[in-house]
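Labels run A, B, C and D following the written order; every chain starts at residue 1.
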């Protein structure tokens, strides 16, 4: 998972890119980068860490240019990543090129072999480099960037939303299935912004226009003239359901649906699908809140906060041993005994991945005095991995890959457990099931994919 | 404002101190420190930054000892602070002493002059050093620590909750007015923990017992025998109302009242005191949430989230100019247009200090399409500064110091504005008004205090 | 200028590579890197800074492998360099390849255009990437590394000493003119080491064998069998005189001559060519010492230290203004008044580049009381830039490019000034003038070269 | 060991203090600090590391003030030091005070007990804090700083050169025995500089005047009027011989003698005391050079460099094992085989402490082919520790504490070994033996001292 942004304006764009990346920070906390230009040589700053720690006022001042792209990256485990920091950039002949990518190319190995056969060296294991090789190959034949994008759409399998900068012109495109989101809007100064989510457009004070269509390319030339091109047309789309379930920010509008209301609506359906005579509805913050609100509204059971999240909890919390790991849930989510004691509590969350956290939360709420703990989940059981860029657990870690609802309920220690039906989910999104990718819950992907092994590692960094 | 903790156990306490400081992080994000010991020489680690960045596994391992104290510090503006990092420690004769302090000594200058007259050098401008001088002075006369605490309570004016470590024995005490909170509980291993808030006790998996009484001292000797001593008795108490309004975590129980429910109850009163025919009740997260929930429950107007907080927003967000500063509220709190458009919205917050943020939020919600924006505040108008450790704005920055509700409403651009009454607040807390410090809203303090100037700065650090 | 090293052994080589880079630190203080392997995937650590600050015990432990290469880089001014950190590495098909390079390719632009025409992307502006493209191009045609090296020697113009690692086999080669040094020796464990200077071999406790011949390639396969191949044969050689004059360490033996004794012998010639009736011979440390010793021996004038060098002087000394810059020579080289007062002093240095430092030293020695200051220089006047990797000043900064000895003497304020003759230099080295590159002092280079512009910059790093 | 400096000028002194500390860097590489003022509040910057890494242009700009003091500290082993970073500063009543100290107070424990009895808290284990307590105690009785200095000289045993800043007035004084050096001079702008060594005066472009006399105090008031006061008069002096042997820079003039020439003269005496029929005289750089030059001049045996020092060798060189530790001498000091092969070599060094380095050097020179290795040492055998601030090895590590010259010669593997006689040393310095502290070589100290234990550690820093 990653977040991308591209901005063309009449003034320097570095501060707006910074704000946009801040708004997209939830899509990737491992590293971030910005490339800017003024129709010539480029300037860049890329680093590991959060946006807040990577950029300072001085750096933003030096990132001059009225056109630019940015990227936040999710920490991918297993594969070497230090070399894959984005945006990716290079010069080719007289061209200055930079690009950033969100998604996962499932036929990476095939494409890499193909280009190595032509004598291309790959310096990273990033999907982005594949895209750059295609662009170069087309430029070499005096083809246009549009030709290159069309070729990407013909030969790349997988998900990809891309922003591309070449000699100060901005291109952005989205794979024909629309697996990863990408939209655009106007900046307050009349410029253009493309970004993974609408919140980035709003974050810079702009006005969100619409999503880029699957297979569509948007091009802003040096006169800031905007051009839309349909580069490919799939028979159906495959919008990712997990963006709605968990990944996207609740205040984003993705492919026409406000994420918050999709979640609230699922919560409402959950109350209908699995009613329970309880005293309070409680969210597991922050991801369960919209679902819980919907459940409460439909069931007329009071929405009461029972678990208070520690706002300072980061990835670095130290847990020296298993016993302490268990204790850590108390630091992260502290139950309010006074709210749960002797009560039947409905706990609402978005999904269950490994099940360990759910088990510890249920235990913690029981320990705080709850009489009953009914768990309601805003998604169907996650049974399969994602091949298109969402970093779920591997198959053997997914509690849902082998177990049914009853067993899971027992394992997490809940009084009852219910998952939202696929129907409820599809209805809430408001898009036909055939235009959604439901692979992680049905095992049916938009096109055949094999289990992707970790890509060939160039080198290990110490 | 600060957070303090002290733990005595049968095993190493550094990890528990770390967890407790994590739970108290909201009381101070400027620096943190731990001192541990095993009835002899002490070990320490103190640094600027968040708890998560200051301590790592290696450091915690080196902080050996079954007794220890910890501190998180709030960034105080104006006075030099680099020298004032806590806990404070020193050896005196054969004694190893460390202490940490939450509060503000209002007769600091008088006491400092008194001790300088005796030839004492002050190396910091911290209140804590005053307390250490008193302890030394008593030890010198072969008096006990209990004597020293009694003397503190006689001569110190102001607020102070203190944890003190001497030769492996733990002492904790609270000023006779109880201005700053301090409670204790049992650890899972049967040890003792004292901490600013009950969440720290729960955060280490312990069981909260009760608050330390104003004027009370608790002492745990080397055999872990616990002793309670009433060292002073004021005619009335002066529990801080602002802990309930804003400062303490909502899941803490302070002086008998669950903070969340105090806030919810005020919200409920607000709905009665200032009802309005609106479509939705919306919180300004996170501080307004409990109030908003109470308002919604009482008014039967739906609680709907309309402002989504960026979870990655830190102190370091760059705002190069005024115009951009205005824009920054969009990054921090993004309104969901779909939830507010053409609606009458009740926005609930805990308090208004300068008024600038409130103005920007109201504007942002209007810009997102709200038809009416009714502001409801969970506290009376803050008119006066706090002299006891809460870092509010200075008097001329407080929007409430000169303005009445009507004017403030106009200035922040709200359709209507209402502040909770003092009665509602007192009722919600459940403690007699005479036992509360309401100085910031009434101007009446528990005892006469002058405007405290910035203390003499020893030196400026580059 | 750079330093390179490659080691094949029976045990882990990272510590030996580290020691070797330490011994070569004078060849480059900007950055350093190591790549190691065990006939498969590679491990690397590369960073800006001195060898001492880049590597620690933990890092060296993680750099496992019995084969490896290392590099120290000189800070090149003007061109973007952050991307050019070495060793350079990549995978190609199933091959793991790393290489490090010392030298300067004068037909870089032509070669880059040629490979871009073939669709190759250049991600750096480093000469090393050109070499890697040639290797790939040959591998693609199923040619051997030997073929690739032969092709390098055919098409590359300029200087290059290279160490190359491919699938655990080590290759090293030197351009047909021998412009940059490269030698090899045995390690204490019976392995092989190639390095820019013999001091690196001695630094790891090994035994220096001989220089790699111009146009020669050395290859160590996976069985540690060593193979020598003559890949090209130039009609004459072009060993760099500046390595002897200044760049190489005095304790290195380069192409058969001990650098210290070359310098001492030039000093001796200087005493014959330009005798002067003076009281003492004084070195400008450290570069002038061997010359001064030779001068003293030949002239029988006492060698006395008069300028004491501050051993802690680094690149970071702050000089806020021109006036302070002048003062800085006092910090760097403090004259001993007692040794120079009222005396005729002979100051000996290796060369004069811009002339500003010489002027300040002469002034400083006069200020300390010297009656006469006779400057003697261990090289002919440097009139022309170097195109083969030595970073002298640009032509218009070279004091010798326009001025004759008399004018320079006047400008630096010396009583008299004499430069060593080319004959003295050639005699001292003991190699025929036709086999030396004397371009910087004669303007005659081993082959025609144009003024090399700064290479196309990919991007500017903030 | 430490270095101190104080400057009063008409313009900002921070840059001059920085230059002076650079010139004194050899006296302490552990930490450094500067305090400046303009007759009021002070500004400071103190940190661990070298002067070059601690200060940057921005920091120096912020260190405003026309009066200031600075300090470099030697890493003391065994005792906790993080708290002892200097200069030390504090406010007392209305006074702003800072001080820095070089030396060692041998009755520290007695004095500390005395002041603790009076109720003083000690926050550090630094001698400097003792001095500050004395100053406070006198100010409290309305005595002057001069009175305080007189009292220091009465009650402190040990060595101390001190610079003191109080309300913008500079004081400097030296203990009655003159154990540690301290001199003063004029700055280029007509101001005053006091510093541990004359090189610091020259380093800022100033003119050295003379040493501060033992027992003398210098005072510069706010009108920059300079006053000299004899505060104490000892019956004899005790100038440290080790400053001449090793510690001071060779270009410093200390108590009337140029250090370089003291060393050269000892070298000359060595040639007379222990002549040997050898081929070359070789220095162990850098400390042996002046001695070797003297030996060569007297003996007429050629001075030839045979050991080349790696200029980049720092404290951080990694030596994972004993075997590698032995190897490290090759990295640090590389022998030139061509200069020593089959020759009788005289190696000259300043002193032998543990003997291990000497043994490795002798072995390395023999390994490089030397036929004979005659070691000549510029000091008598070091038999006893120093109690006055020179950090020699502890007694049981001193090779000379139990062994005679013959045994040491055998242990280090030399062909012959000779130490300079005490007479030669005293003659070279030109000061009566009764006015020198020769404790480390004779065991006779200027006054009775006990073995000083490590001072009470306040706390251990993680």
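Throughout what follows, a contact is a pair of C-beta atoms (placed from the backbone, for glycine too) under 8 Å apart; a residue touches a chain by one contact, two chains touch by 3 or more.
Keep in mind it's a predicted model, so treat the numbers as computed, not measured.
Listing every chain that touches subunit A and subunit B alike gives an empty result. Number of steps on the shortest path from subunit A to subunit C, with steps defined by chain touch: 1.
Counting the residue numbers that touch the partner chain, subunit C and subunit D have more than half of them in common. The mean-CA centres of subunit B and subunit D are about 50 angstrom from one another, to the nearest whole unit.
The distance from the centre of subunit C to the centre of subunit D, with each centre set as the mean of the Cα atoms, comes to 36 Å. Taking each chain's centre as the average of its CA atoms, subunit A and subunit D sit 61 Å apart. Multi-chain contact residues, meaning those touching two or more other chains, do not occur anywhere in subunit C.
Interfaces, counted as pairs of touching chains, are A-B, A-C, B-D, C-D. Of all residues in subunit C, only 15, 18-19, 22-23, 25-26, 29, 50-53, 55-57, 60, 199, 202-205, 249-251, 253, 258, 260-261, 286, 289-290, 293, 297, 302-305, 308, 310-314, 316-318, 320, 324, 327, 330-331, 334-336, 338-339 touch subunit D in the complex they form. Within the complex formed with subunit A, the residues of subunit C that make contact are 35, 41-45, 59, 62-63, 89-93, 96, 98, 113, 116-123, 132-133, 136-137, 140, 456-462.
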